Amino acid sequence: MWRDALLVAGKDLRIEARSKIALNQIAPFALVVLLLFAFALDPDRGFLQEATPGLFWIAVLLSTLLVVQRSYAVESADGGRDALRLTGLDPAGVFLGKAAAVFVVLAMLEVGLGVGVRLMYDTSLRGWPVLLVATVAATTGLVAAGTMYGALAAGLRVRETLLPLLFLPVVAPVMIGGTRAFAAALDGSSGEAWRWCGLLITFAVAYVALGMLLFEPLLEDS
Amino acid sequence: MTTSAQVETAGRPTEDRLDSTGSRFTRVLGVMVVLMLVMQLALALVISPPEVLQGDAVRLFYLHVPLAIAGGYLGVGLLAVGSIGYLWKRTIFWDLLAASAGELALMFTALTLLTGSLWGRPVWGTYWEWDPRLTLTAVLFVLLIGYRAMRTASTDPHLRARRSAVIGLLAAADVPLIRMSVDWWRGLHQTATLNPLNPSLDGMMLFTFFFSMVTFTVLFVWLLVHRFRVAWLEEQVADRALDEAITQRRAEGQETQ
Amino acid sequence: MEPVIHLRDAVTVLGRFPALAGVDLDVARGEIVLVAGPNGAGKSTLLRLCAGLAPLAKGTGQVLGFDLARQRREIRRRVGYLGHANGLYLDLSAEENVRFWARSVGAPPGDAVATLDRLEVASRWRGLAVAHLSAGQRRRTALACLVVRRPEIWFLDEPHTGLDAGSRDLLDSLVREAVAGGATALVASHELDRSAALATREIRIVGGVAGGVPGADERSDQPMGEC
Amino acid sequence: MWRDALLVAGKDLRIEARSKIALNQIAPFALVVLLLFAFALDPDRGFLQEATPGLFWIAVLLSTLLVVQRSYAVESADGGRDALRLTGLDPAGVFLGKAAAVFVVLAMLEVGLGVGVRLMYDTSLRGWPVLLVATVAATTGLVAAGTMYGALAAGLRVRETLLPLLFLPVVAPVMIGGTRAFAAALDGSSGEAWRWCGLLITFAVAYVALGMLLFEPLLEDS
Amino acid sequence: MEPVIHLRDAVTVLGRFPALAGVDLDVARGEIVLVAGPNGAGKSTLLRLCAGLAPLAKGTGQVLGFDLARQRREIRRRVGYLGHANGLYLDLSAEENVRFWARSVGAPPGDAVATLDRLEVASRWRGLAVAHLSAGQRRRTALACLVVRRPEIWFLDEPHTGLDAGSRDLLDSLVREAVAGGATALVASHELDRSAALATREIRIVGGVAGGVPGADERSDQPMGEC
């Protein structure tokens, strides 16, 4: 299983390294989202500062959507969407591999975004340990859920539209948890922040486990 | 399109009668449902007293809560059961159960939202509030829409069954969250009133409430039985159409040779 | 000897359409079976069924001793399938694609290069992203991905498509070699003359069922009949 | 030109009628976006009501993205992305046709969304004439820009990610204009609302004109 | 008579690679030209260039009297091109696809049905979404989309791919008919025997330049040579 996961993750990251989609397109996209929403939601700084965690997670969420979409687009770009099934790789391994690749890309993106937010909205980074834990947990949850729903939508002709529909409501808890944890941490109430981290970790663990269990029927089908 | 009558004359014996989705049992159930609904309306609208604080608005209580519980627990619960059953046994029965339950759950959840909003207007002074339970209920509604979207996204029955089973299972995870949300987040919405020892509910109201609960549960079961049987019969028609199609398909070869 | 493919009354339903309407088929190890038949007859579906890619709706089937309904993953990892689409990763080069498939079965790294050499993948385009290759170059890459796995059964769906004369001959000799080494091959094709020369047996699929050898009427349509 | 536009629009709408993507997937998606943002932005009603116009337009914007993506996905679903070029149809006609089809889908979506917003956020619809004009103008602008940028990204392997990146910054003015016009109209200051409408109309006219002019080189290229 | 295709030293660059490296070609009205050559030689690129789909980087070219650099739209609306990919709308049925192409040239509505009948598109799958069709059925649909436009030049890139024996013959007779009616055809193909029987002239592309007739060495690889 681990060997298969490594193989799949290596392949996906190599494709990413070749095409540099995350760097050239998704990262700028995330920044655009930050800016645009700042526009749309009243350019009144006082409020924006409060909404910063929310905006950060919205940008991450929409980027996750794109990264996942891309991750499955490469599988069926050449007409055949059988490659992964034909290899006979372990489904749990495939899940872990694809999720790991998405995680790596997303983590890099978040660092960039974090710096952007830090500069643009002038947020101070008090309580960074809890911020870090919350970020990792939330990202893991997003990635695991995204990888599963990506597989659910993959191969259907309607995937571009089905994926967001399925994915966004499910990760609503991550949105809330991430936003609240950040808000609490930035307010200095780290106790509450850790409680939200608990929710995020639960979600992440649950989805990783579900993914490893349920990926088999998803790869299975024709 | 093969009509059910044609299928029957095609003469394959089954225990199911194909000209209706009812049976003796469901007809009795149906009559019961109608009677109970009439009684329930009488109880809720006329017989039971107005509440001290809410006045007549409380009457929505007898609609809202049973709908929420039948849709959320029964509907989504059966959706989860059907989904697990399918992934385990891989038979179409479980898929259809999940599909029927999911559809009804969608309907009931929509009605919960509607009655809740209508109730909220007099009681909270607003139709909608970003309260955790309300929001999570809205999320459940969207998840169920997603479930239906998947069911329409593919015509391949197996692919559809497998993928929607996974989605149904994941959607069901929202329900415990709804249950716990009032305790975790403390929003506007009521915490559990369904406490038999709760003295604040007077006798007639308590009776009306329990009667409503039973009524809506029976209503749900009745609708589910019919919805399931429609799906099941459709499946059987498709099955027979498949036999027909196989014959036709084989004949394709005969023609060209 | 036990057959490597054994189908009884196999039905495959796509959407609601019985693309295979009850196929009986036995293939022994070492055979090269040509699957012929008109467009839409179910040739591709038959190959996909046997490769564990299409579902078995009715009937029974075993491939390599594994059950087609319950052990499809075991089957998939042991067979190779080349479909109408190549299913390559467009952003990776031909070489990287072949390496990926080699590693998926744990083949030694040298195998990938050896296969590419064998398939005469010129060094000019060996490192080029598959997206930039011509139709025939892609087909050759896809073939290399199959060969490098050393599958026990080769499912080839119109494998000659897009290949030039040299590559066609190469393909035929590759199949013959593999079969000599204990593999089995099913080839769906409309180029009956070339494929018939390769095959040891022919079956004809029409209307989703397997018939016997192809009728003479179809063969006579070929230029060969006129020469 | 008009004949060609009709032909293309008819084809696109027929595909939509067949696949019902907008109804089954994009409309629910727009609702999800509304919900999600409400989460992310602190469930404080006072603010939400103020942000309603912004949320409406963000939801419309993201939906436009999906509709446009879908509109070009059908062109290259079967591997060949030459069909529209090969037909030799008038580029301006193709542009108008594709834009018209997107417009129709989007208009239906907006009606649904408007009702949703009305209910969920309890906004009153004062000054509906200016709201209507603003909506039509903003939608036209979004659609025209989307159709152009969709064509730019079409056929590239990176289209899923390139399109949002190109499209979002360009329509920032529409976002601002639409939001401000709505906000002003709902506040009862219809004079200001009409001024914002002016901006929206200018943008719409400019992009329709640009599209008709520039679509030729876009279709042209190989 | 003025040639319908006239290329002088035509160069086409894909990415940074000169897929065509200076092609000289003259084709007169009524010819059926077979374009042969190994994989990656530039056959598809040549056809795409002449159909106004690939850019002309250097040299000059006229097709039907229109300049390849400046009047590509005029060319496109007058020619038909069948590539490796079919480019059909997957959500529409075969019939709707053909109707769309018919209307794009303003052909009368009856033409679409007539063409479908001519191409023996069975009523079972005429109304089925193209996504559900088999490879050969799609190819036939794509062909119908081309035929219904009555193009002045037919660019066929490996048109026989995926077609069954009957359809291949049908395709050949369609091309012959069209040419008899004043059209011209360029056919890129690796099925040399079948195509050579159809063609009135052969050119060979190797390394992006056009040579003369194909060498005998390649022909002898075909089974026909052995019979």
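For reference, chains read A, B, C, D and E in written order, and residue numbers begin at 1 within each chain.
In this text, contacts are C-beta pairs under 8 Å (C-beta built on N, C-alpha and C of every residue); 3 or more make two chains touch, one makes a residue touch a chain.
None of the values given here were measured: they were computed from a predicted structure.
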For this session: Quick one: point me to the chain whose Cα centre is farthest from that of subunit B.
Result: E
Problem set entry | Between B-C and D-E, the pair joined by more C-beta contacts | D-E
Seminar exercise, completed: The distance between the C-alpha centres of subunit C and subunit E, rounded to whole Å, is 27
Problem set entry | Centre-to-centre distance between subunit C and subunit A (centres being mean Cα positions), rounded to whole Å | 38
For this session: Determine the centre-to-centre distance between subunit A and subunit B, using the mean Cα coordinates as centres, and give it in whole Å.
Result: 32
Problem set entry | Whole-Å separation of chain centres (CA-atom averages), subunit B against subunit E | 56
For this session: Identify all positions of subunit C at which a residue touches two or more other chains, and write them in rising order.
Result: 14-15, 17, 38, 55, 84, 90-91
For this session: Indicate the residues of subunit A shared as contacts by at least two other chains.
Result: 19, 77, 79, 157-158, 162, 165, 169, 172, 220-222
Problem set entry | Shared interface positions of subunit B, touching two or more other chains | 135, 139, 142, 145-146, 149, 153, 156, 158
For this session: Would you mind writing out the residues of subunit A in touch with subunit C in their complex?
Result: 4, 7, 11, 14-15, 18-19, 74, 77-83, 85-89, 220-222
Exercise. Okay, in this complex, where on subunit E does subunit D touch?
Worked result: 48, 51-55, 72-74, 76-78, 80-81, 83-92, 96, 100-101, 103-106, 129-130, 138
Exercise. Which residues, counting only subunit C, touch subunit E once they are in their complex?
Worked result: 14-15, 17, 37-40, 44, 84, 125, 132-137, 139-140, 158, 160-169, 190-194, 197, 218, 221-224, 227
Problem set entry | Complex contacts: residues of subunit D adjacent to subunit B | 20, 24-25, 28, 31-32, 35, 38-39, 43, 45, 48, 119-122
Exercise. Where on subunit B is subunit C touching in the complex?
Worked result: 155-158, 238, 241-242, 245-246, 249-254, 256-257
